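Next come two complexes, and both contain chain A; in the first it sits with chain B, in the second with chain C.
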Partner chain A sequence: MSTRQRDDWWTVGKRLPLIDGPTKARGGAEYAGDLSLPRLLWGKILRSPHPHARLVHVDASRARRLPGVKAVITGKDIPRVIYGIVPKAADEYALAVDKVLYVGDEVAAVAAIDEERAEEALDKIEVEYEQLPAVFDPEDARAPGAPLIHQVPNNISFQVRKEFGDVINGFGQAEHVRQDRFVTQAQAHCPLEPHAVVASFDSASSRLTVWSAKQIPFFLRKILAKTLQLPEAKVRVIKPHLGGGFGGKVDMFSLDFCAAELSRRTGRPVKIVYTREESLTTTRHRHPMVVEVKTGVKRDGTLLAQHYRVVADGGAYNSTAPVMLSLAAFFVMLPYRVPNLLLEGYHIYTNKPAGGPMRGHGVPQMRFAFESQMDMIAEDLGLDPVEIRLINAIKEGEEHPAKLTIRTCGFSESIGKAARALSWQEQRKRNVKNRGVGLGCSGFFCGVNNLRHLGSGAVVKIEEDGAVTLLTGAADVGQGSNTVLAQIAAEELGVYLDDVRLTAADTELTPLDPGTFGSGVTFRAGNAVRLAAKSAKKKILEQAAAELEASPDDLLFREGRIFVKGSPERGLTLGEAVKVCRYAGKPTPIIGRGFYHPPAKEAYTLLTELGDISAAYSFSTQGAEVEVEPETGMVKVLKLVSVHDGGTLINPLLVEGQLDGSMVMGMGQALGETFIWERGQALNPNLLDYRMATSMDIPTLDVVDMDIYDSEGPFGAKEVGEGTTVGIAPAIANAIYHATGVRITQLPITREGFLKSLEKKEV
Partner chain B sequence: MMRLPKFERLLPSSVAEACQMLNQHKNEAEPIAGGSDILVSMKQRVITPKYLVDLTTIPNLDYLSYDDKEGLRMGPLTKIIKLARDAKVAEKYPAIAQAAASVGANQHQFMGTIGGNICLDTRCWYYNQSSFWRKSRAPCIKFNGDTCYIATASKVCVAVYSGDLAPSLIALGAEIKLSSPKGERVIPLSQLYSGDGKVYLTKEKDELVSEINLPPPPAKSCSTYMKLRMREAIDFPMMGVAVNVVLSNGKCSQARIVLNTVASAPVLASDASSHLVGKELTAEVIKEAAEKAYREAKPISDTGGCPAVYRKKIVRVYTKRTLEQVVSKLT
Partner chain C sequence: MKKLIELNVNSEIYEVAIDPHRSLLEVLRETIGLTGSKEGCGLGACGACTVLIDGDPALACLTLADRCVGHEILTIEGLAKPDALHPIQKAAVKFGAIQCGYCTPGWIMSSYSLLARNPKPTRDDIVRGIAGNLCRCTGYVKIIEAIDEAAKEMSASG
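Coming up: the complex of A and B.
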């Protein structure tokens, strides 16, 4: 299909506002924390004040006697089943069984008639702890004699090794080699809506219904059932409106299990809403990492070999450790041609809150390291940062050394466009003191690998009222997937967007979907919706053609009608067409079913084999223009640029929202967001002291258009939700180097640290 | 979301009645005006007063009135946003307008009052935390414990004063009227602060700030405030400098440089200030004064994650900048 056909599209490619926008703007959207049910109880969780301790004794008897308290559970009262979002890395209990592993680890949960009594009950639970030696730094945790957090040697909870080509030989041929070390920090997701759940167990039918602020309803169903030892068929998960996730609502947390168990015990619905402090410090954050990278190049800048050694501070639990390390490995294979590569990655337990998935998931840390080093190499060789990137940029259709299929690739184009948006030539030549421009690049995937549960289903019904009902398992987390999926159905069936009724992310009503992570929603669920719509269309087409005495090939679906191309008066409404089918004895409603399963290999397999991790890859270049105040070390970002090859933009308005948000999140990673820990406890567990940018701090955000069509994606679409986050921090760091000659190797860039570096340079 | 603990709201109809209520309930009552600070502390269970004496029910405490002879009279319940937007204030006391506009975010300025801001509790991140958070440590001095987690050798609390208005007000020579069941007294604002992080105000618990006054600015004078913060909104100051300079015959006849957030009270940088007096404010003199202010500033804590060493360095930079600013406006 050529891109020219896009002109004929009806809703795809249009800047359409969110279908649930008016509801949200009027305050009518109900989030998990807003829900209420008759006889609702409030749940609260008791947490450990110690980073590492043995539970000697937990006595909840006083709490249980408190009027208004309906249930108190400890680790002994909940099935002793270990859970984890990645089954092979499962290492967590809903409530601590015999040890607590970080400040905030869950010890007990209560349900009471209101929040106040629930809080009071927490104070009445007596816990005797025996404090254990704790360890907070991954290097200390690996050292001999370090206290063991889980019973694994050297606290190494997971390690990966990915190698292809001939690394030794590659370095042997190199004419220039450099080795650098980069350090990154923890970053929090900070969704507007904190984690929340309402669980309702119906004792008569033994059915559990859970409304959870979660990106992955079907995983939650599976893991809840397994952990609480309920049949999966008796568990229903519904995702209400969600106020942002950014990866922070991918994992399960204590509140999910505790609300369900408390409801099972009391026979009453139980709601738990985390405070902002709980959301910030007892869920997940971006893994702090130390990345050592050694790179060998030819004198002309061509990359020959790379060796990465990555140590991730995992915190107290694994969460997605194996996936995170694998992704770290895969996304150093893009967007440049690296013929020989070795990556060794380690995930280390420490007595801190656990790291987990967050926009970019293991990749921003890696790209900060290498995009910075890329500029250093360019300088060593006397090359321009744009030039060295273009030399090494992967091109469409070329054979990838790790056998990724690069079907479409707008990477080189994105570099050029980003450079133009920054007036690169002039800015680099002019060399205004304390002003600088820099680039960072990334390649990303469009939905993770081929695990069997990672396929999406969709059902499209054409009803007799002429409207279309779409059932999708995909979880809209606020990014607008419901709108995009409705657009795809509307496009295929030629109906108005307003005539698509959508039910999403309800495990009992909608088809299986893995959920919102890995940048696969539009790609995977979008393809499923398109296939379902096509299938429904096919079922109606023949009868409509007979009725209109035309060939099926000559019929057009548009404006809620089916008509003969060129003769719009010869047509039927969709509702009439359904009636025609019914009168012809065909079963109605007209139902189409779609399922999409990306043709790619499984991530862990790919650690030892070559091949695709995704069905398509997106490419992007980010740019930054900064001004530095040398007296104070303040870095002012004047402009951020995003040039993202995301294939067809199903809804450019929503894409801009994604890219703007990505840029701001990347800027936060670069310039200020971090946790300051003291003995594993965050000193800044609130949004006053954990400093996300405010609207006043946001620079000019420049989204530059690209025009790529990828035949595997729905209407040619690829990823846009994560990739842009990845290159912002190195773009800012590279711009700072251009402005001042100070090379940033540690994030975040604090004023005091940067000022020290500037002073050191002056001396 | 954090919930407020239970409390009883008392509704006085006059300052005298409010003082009476505070007196009657001694340590169980706190005054509340805009509530932008105290409600957060209550949600965190940092303080859990049984009674809140709601000053907003008292009439006629919300006013700004300027007179060339008397200067500026400010009612303590005047919203900070009013100060930030008042043309007369901006003209006569630019430092006050700037300080007001730098308080928190817009929402805080709409809720917060002048009186509340000058009485803002000292802050420390071992103190301003949720009750759960604080369970990991024994109580600090400000919580009647023995330990200061910022300065372990310290026997006194070193929580920092972070109100944005006070330094500018002090630099401009503000006086406050304190009312209590015993009567009224007027003191320079600088004397309101004890310098101790725990009992940070010198006023009695049943005394209320009932008016804030600024003298009219001398003919050739100018003031300004500069605040160190990491974000353009929301942040408390990590350091701040307020300066007020009077010139006569081309020389500085009066100068006050007041530093914010480097101690448990606003600090008059007296060496730096007196260094300016009697001199022409040349680049060299300004530089010397900035150096003196730097020496006088002795921040201890890494307030809001901003290291003391850095904040001290910025005293020098911002003192220089504020002085340069006022000099350029005056010449």
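Coming up: the complex of A and C.
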């Protein structure tokens, strides 16, 4: 890609504000909880107070008799269909059938004329529980004789094994081997918008319409239809504005099914909005993990072999368990060259809320472990952390030991730039007491390509008014994908961004899209939009050329016009061109269709075979500068650095927003965000006691430019939404070690815990 | 027993019949239909419901609507003119200070009040001015930049 071509770009690569920014700024954006319909009912859900219990008897008769209550449903009143976002891991009911498995598990739901009456009705439902022994720690859960949560041996719900090279031989050749153990915690997504849904079942047509705060409208349609035993064609899911997701709105939850079922029973629309406590304790969080990693290296620091043993605390349900473990496996294979690797991963049921996808999805835990160990190995060998990373960094075009295609890779460059941004050499040399700098690195993917159904479609319509209508199934979760996709359409068709009208994420109007996860939206949906725009352009081109008496090759699309290169006066507006097509007997409006699916292998075969999990990979280095207060154990992060090879930045302003947010979320993972659970009950289920960063906690955030073009991505783009979250916690931990000599092996780094470690070191 | 009250919201008088224990946030959103103020936590921890009462920021989820009779309430919907965003809103859009938009009304109201009291805030004043408004998307940096820019623009235009 020459710079000249990039200079020709019209909207791509520009710092353009969100197309829905003014609406959001005015308070006019409507989120699921803002929606209202005539005769709307409020729904509420009754939850288990016990971590593990048999449902002996549920009596809802008193609740049903309460004035204003329109329907009450229990596990017996809703189709008994097991669901799950990953079909082979399905293990949940919309409402509990025989047992409840964690504090908060759903037992019954009511619909009433207002929220208060719905709450009152919950109090009138009588539930008799027979408490069962519960288990909260994955190691206890695996022990012989532990109570079984689902009927799987040792509560091991999933295990994966990924191996390549010759691990035994690799360790045999190693000149230095170390084995370390790292522990990570549960982290909550905390989007500011709690989970919410409005469901409206039209009895006359037997059609269900659902407005849901969800990252995956098409999956919701499919699973709602299956679970409620409705034809998929009778279910429509619309995603309104979404108030943040970070993976927490990928999964289906009880509210989606209950609102729909309550609406079906009452013939009235039903709204359910989770309280913050429900959002925090009955949806998902980042899996707590224990990661044991053994690494063998040559004396010069070259990695030879690694053996990971990973135990994830799954909580009561699978959610994305097999995907999460697979991703954990795949992203220890990037960004370094590890010729021989074995990973054994286990997902264990416990009587706690379930873990699930969260920004980085299984990867931040793994990289915290190895990026920390990398620094430990460097110290053992007398190497600099930058040096050992550069020695092992994978390079563009290099053959990957697990046969990943490293088409573009700015990794080494990112290490160097991050070190420079931290004034690495001076800081490491100066060795100021209680001040330190550290690095963490990451490789990530641009949408998973190992599932055949994960393709994106797009439709571009050009009408006689000259405007372009873009239909995309992609779900903007607040990151700005609508803006980016509109930019791509505008670029390809040479129209102003303002002339692109966009309808997105409505399963009845927009083409199939798997949704927002796995950092695939820009890459996958962006390619689809570009293909759709190209197809529309092609349809218009021939007629326009005939009208302008020019060769199609000589025509340029720019400023909403089609004109002859070099003679801009010889041209048509896009609207005029559509009319020319119509007068020539061609069907209008002009419609272009695009569908993008990266080269695919079937699900999970990649655990036993070699090959790509994604069509492209991003690479990044994160840096941290910290100051430690030895008297109090307080760690003050002074600066965070992100150097991210995300390919072409379609919109640098929005990319910075992703990277800033990722850095701060990673800092939260490092420095204090956690759930305090006692017998499976969260003791801090609110935003006062679950502490996320405020404006007062923000260090200098330094986003350093990279310039990479990946030929498979739309206009060369790769991933930017998740990868940077991954290396922040180890960068901070490594900086703390540099500052104090205390090695952090457990997250989060709490003041009291860290103070104890400091005192131990002094003694 | 419902009570009939008059509320002055964005310089318009709304006559509403409410249960006296209703929060201002519930009445704004459900009775009056102004849904720009958001509920993020329901206990005053996140600031998404921030409105101004007689110019001072207040958490609408913790304020009884009945106690607002006789006071001037300003919500996010009252800030822009039909054809022009308020300078804070304009800067919020331009500087990428908005992502999902759910916390946006809250911090815009907090900063509006800040700039009314302190037209030339330091960076630290801004940081403190929005310390009660949680945001999970942006990492706050672009929000701080936007408020700073708006302050400069408002000072310049008097």
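Quick note on the criterion: the second predicted complex is superposed on the first by the 756 of 763 C-alpha atoms of A that agree within 3 Å, B and C clash if a C-alpha of one lies under 4 Å from a C-alpha of the other, contacts with A are read in each partner's own complex, and residues count from 1 in each chain.
Basically, a residue touches a chain if its C-beta (ideal position, glycine included) is under 8 Å from a C-beta of that chain, and two chains touch if they have at least 3 such contacts.
The model shown is predicted, which means the values in this text are computed figures rather than measured ones.
In the superposition on chain A, contact of A:275 is made with both chain B and chain C. Of the two partner chains, chain C is the only one that A:18 touches; chain B does not reach it. Judged by the touch definition given at the top, the superposed model places A:694 against both chain B and chain C. Shared-chain residue A:684: touches chain B; no touch with chain C. Taking chain A as the reference chain, the count of touched residues is higher for C when chain B and chain C are set side by side.
Contacts of A:564 after superposition on the shared chain: neither chain B nor chain C is touched. Look at A:653: by the touch rule set out above, it reaches chain C but stays clear of chain B. Residue contacts after overlaying the shared chain place A:90 against neither chain B nor chain C.
By the touch criterion defined above, A:244 reaches chain C but does not reach chain B. Shared interface residues of chain A (contacting chain B in one complex, chain C in the other): 194, 273, 275-276, 688, 693-696. Those residues of chain B that touch chain A in the complex are listed here as 1-3, 6, 105, 125, 129-130, 132-133, 135-136, 230-236, 304-307, 309-310, 313-314, 317.
Of all the residues in chain A, the ones that touch chain B in their complex are 47, 49-50, 103, 115-116, 119, 194, 273, 275-277, 631-633, 672, 676, 679, 681, 683-685, 688-689, 691, 693-697, 751-752, 755. Here chain A touches chain C in the complex through residues 15, 17-18, 20-22, 24-31, 33-34, 36, 189-194, 241-244, 246, 273, 275-276, 477-480, 653-654, 656-657, 660-661, 663-665, 686-688, 692-696, 698, 701, going by the rule given at the top.
Interface residues of chain C facing chain A in the complex, by the touch rule stated above, are 29-30, 33-43, 45-46, 48, 75-77, 79-80, 85, 89-90, 92-94, 96, 98-105, 108, 126-128, 130-144.
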